[in-house]
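Mind having a look at this structure? Questions to follow.
The chains carry the letters A, B, C and D, assigned in the order they are written, with residues numbered from 1 in each.
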Amino acid sequence: MKAWQQRLHEIIYEADTPAGKAFDVLLIAAILLSVAAVTFESVDQIRQQFGTYFRILEWFFTVLFTVEYILRLLAVQRPSKYIFSFFGIIDLLALLPNYLSIFFFGTQSLLVVRSFRLLRIFRVFKMGSYLRQAKVLQDALVASRQKVVVFLVGVLATVFTVGALMHLIEGDKSGFTNIPVSVYWAIVTMTTVGYGDIAPQTPLGQAFASVLMILGYGVLAVPTGIMSVEIARASISTSTQACPSCTKQGHEQDAIFCKYCGSPL
Amino acid sequence: MKAWQQRLHEIIYEADTPAGKAFDVLLIAAILLSVAAVTFESVDQIRQQFGTYFRILEWFFTVLFTVEYILRLLAVQRPSKYIFSFFGIIDLLALLPNYLSIFFFGTQSLLVVRSFRLLRIFRVFKMGSYLRQAKVLQDALVASRQKVVVFLVGVLATVFTVGALMHLIEGDKSGFTNIPVSVYWAIVTMTTVGYGDIAPQTPLGQAFASVLMILGYGVLAVPTGIMSVEIARASISTSTQACPSCTKQGHEQDAIFCKYCGSPL
Amino acid sequence: MKAWQQRLHEIIYEADTPAGKAFDVLLIAAILLSVAAVTFESVDQIRQQFGTYFRILEWFFTVLFTVEYILRLLAVQRPSKYIFSFFGIIDLLALLPNYLSIFFFGTQSLLVVRSFRLLRIFRVFKMGSYLRQAKVLQDALVASRQKVVVFLVGVLATVFTVGALMHLIEGDKSGFTNIPVSVYWAIVTMTTVGYGDIAPQTPLGQAFASVLMILGYGVLAVPTGIMSVEIARASISTSTQACPSCTKQGHEQDAIFCKYCGSPL
Amino acid sequence: MKAWQQRLHEIIYEADTPAGKAFDVLLIAAILLSVAAVTFESVDQIRQQFGTYFRILEWFFTVLFTVEYILRLLAVQRPSKYIFSFFGIIDLLALLPNYLSIFFFGTQSLLVVRSFRLLRIFRVFKMGSYLRQAKVLQDALVASRQKVVVFLVGVLATVFTVGALMHLIEGDKSGFTNIPVSVYWAIVTMTTVGYGDIAPQTPLGQAFASVLMILGYGVLAVPTGIMSVEIARASISTSTQACPSCTKQGHEQDAIFCKYCGSPL
């Protein structure tokens, strides 16, 4: 890696040097300003008065972030590794809307996806420990993904069946005009959001809805239980004690012997 | 078991051979298509234009699944074991609505119960581990059933008593016209769904409803706590393996040595 | 205790003998019927047609349960112990409404408090294990009571402060007419029930409400966490292993030495 | 510290002596009465009839609490330590509104922040154990703060992006007039509050909202899992006591002997 590439990498990707830190602070500020600009521009009164200024500001940021994206590509040895990473995709999606809006009116609103870039904010502050905590959450999410998928398929099958039943029971008058809308109602109810734009009117429908609500209320316990268990596991096994014989980590706090090789800890 | 029976069993019930895998993929596709057909057919505009095509499609699927059901019965030595299993009942309920709709208009909507057949989807993918995770959830549900029943009786008694009290306090004007409707309101509120179609208007009613909401909000913790504990237990001790040396159980799935005495498991 | 007292106690309080079991089954049936009667009687159409029959039925049950209450008093050596127990108070409250309704119209609705008597239902079924599970839940509730009280005082202080702030910000137009009503809105929102009968209209109010919602959404985690921990503790320490030396129970599953007396388990 | 300072400190800050206990009881009573006064005064009917009396009452309490604040400052050696503590800030905020209301009409409503002073209530009752439990909750909150911050940034980025998307999809007709309001809707929905004042009308919007609801419903599990784990940890290891023989920690509060090696703690 050439020298200028190494220097660029230091500034952009790491926050150890003063230049690196300053880059990150400016980046965060730019992201926050650009998201605020898009947000305020969407309010009619503000757009009518200051519309042009906001559009100029947004193009300024888009050009700025495009230059930054190109610099990121140049500062790594394998650009494809960055392009397909979580942050790489977010950064690309954060650039597109403004270019799209030349063709499609209004899509510049999507610029707010830039707010996901704020997850970089932790490189400015006590980087190490925030990122370690984020990793704990990430490990927990990944470890529980299979149980979550099983759970989701069950939930989807339930809301479809319940939606269809309510469509049969309530019919058009209460708003249950077809199955898709009834499924929407079932999701609104089972997640306990409960807008009230559609609500059962017939006694049978209300009785059936009651069963669904108590079910949803109890079923909420399942993903919570899954997540709690996984976060607990991820938290406990970040204990950095490594077995002296086999150097493996991930022992429980009260283990006396290494469960991987049998040596005493 | 005769040879053709064994071959049939391999294809339908198992997914080890290419034929078995192909059967499962086609089955999933057929289920998804048939559920989509029923869902779209329920939308008025679509039904008016394409109604006939959808009905033909649904009958095609019903015949297909009936043939599949018969094949399943033929491919096992004890058909009753399949008929009364969880999947057996789902498969039967997935067939009935279309036959019923010859007599009762509209019941073909219930065909969406076919979506529960999608739980078979895990035989196509990493079968083993998804099914193991599903078993963990299932064990947790079964192990907690007694606590859940105690909890449910308590909740039912509460919503009945609260509903009757609100019927007394609020009376007809706010919509609390009788006890069944007031109980419905109590369930809608305690599960925090909160449609707003019925809401207390009098200060006393609102005060009482506030107590119910804080109660429901805290009581939600109970089934969640129950489920978390059971999922944790089911996850950790799905291995009933006891250490040969010290006979202790409770080893994690990835343990190779007993953490209590160091002997190999 | 006299012989007839003992026989009476066997039938009423215990479910070991056929007579005891029969008594409990009849009792459950009577409770269910009487709650159903009160519930249906509250529906206008039904009351107009069958009102008189229902009132006769309710008086029949009230007399029946009064006789049962007197029998319970006679069947124990210390009646006061029953009168002030959980079930004793429930049973008394289940009798009063009908007598009150001679003076106050409509209070017979409160007869549904009889539904709490359904908690006796577990004496008919697998008594032992349901009651043990109920005891686990009860122990968990009792053990967590102090944390719950601290939590509740914090929640009440929060909803009062937030309610007053919203009353200041929103004023009369959005329905935040005075502090009590604003506090009611704060509870409806923080518990995520969200009727929508009162909702903030001003941007500042909506921003402030957003903060409250995210807070309530996260704060819900606190009682859940408390309950999960206590249920876990109550579940684990019902392990019936008693220390051979000091006979104390409540050891964790992986304890090797008794934590009370130091002897090996 | 002079003698009168010591005596004052005993009365105000501690509750060991009869005078100290009496002071606390009177303080709690005064706080409750003053919060009740502000609450009732906000109701129009009551203010019209008794307005003057309430204002006099509030000024009485404000003077009383100002005197108490000054006494607290005098009773400690380093006043700044009290001024910047949690309770010190609460006590100051509890005094300001009435003084502010000379300039700004209506701000006396903020007097309800005095209700936070009710957290002192635990010094009157079984002080030790309630404060220990409160410390457990406080430790849990502090220990989880980093995970909570990571979680919050993720939630904020999500509601902004979803809000902007819905603003694009639904447009003005359904109430999604600009991004700030759409973000407000996203928060109302993701926290499952669901007022219903704004709700998606287009099929695409409803489909997208459904995904958000299931997401929010599952994401609720994350802070709950975090809190549960931290409360569990804080409960078990509030004793930092290490076993003198084997130096292991993690003993429960009621352990007398080390569960790992049997030695007395």
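Following the convention adopted for this analysis, contacts are C-beta pairs under 8 Å (C-beta built on N, C-alpha and C of every residue); 3 or more make two chains touch, one makes a residue touch a chain.
All values reported here derive from a predicted model rather than from experimental measurement.
*Asks:* Same or different for subunit B and subunit C, when you check if over half of the residue numbers at their contact belong to both copies?
*Replies:* Under half of the interface numbering overlaps between copies: different.
*Asks:* If you tally the C-beta contacts for B-D and for A-B, which one comes out higher?
*Replies:* A-B
*Asks:* Going by more than half of the contact pairs matching by residue number, which of B-D, A-C or C-D reproduces the interface of A-D?
*Replies:* C-D
*Asks:* Report, in whole Å, the distance between the mean C-alpha point of subunit B and the mean C-alpha point of subunit D.
*Replies:* 39
*Asks:* At what distance in angstrom does the C-alpha mean of subunit B lie from that of subunit A?
*Replies:* Spacing between the chain centres: roughly 27 Å.
*Asks:* At least two other chains touched by the same residue of subunit A: list those residues.
*Replies:* Within subunit A, the residues that touch at least two other chains are 180, 183, 192-196, 220, 224-226, 228-229, 232, 254, 256.
*Asks:* For a test of understanding, state which residues of subunit D touch subunit B in their complex under the given definition.
*Replies:* Residues of subunit D touching subunit B: 192-196, 224, 228.
*Asks:* Quick one: in the complex, what on subunit D touches subunit A?
*Replies:* Those residues of subunit D that touch subunit A are 146-147, 149-151, 153-154, 156-157, 160-161, 163-165, 167-168, 177-180, 183, 189, 192-196, 199, 203, 206-207, 209-210, 213-214, 216-218, 220-222, 224-226, 228-229, 232, 248, 250, 260.
*Asks:* Quick one: in the complex, what on subunit A touches subunit D?
*Replies:* For this pair, the touching residues of subunit A are 35, 38-39, 42-44, 106-107, 109-113, 115-116, 118-119, 121-122, 129-130, 133-134, 136-137, 140, 148, 152, 155, 180-181, 183-184, 187-188, 190-197, 220, 223-232, 235, 253-254, 256.
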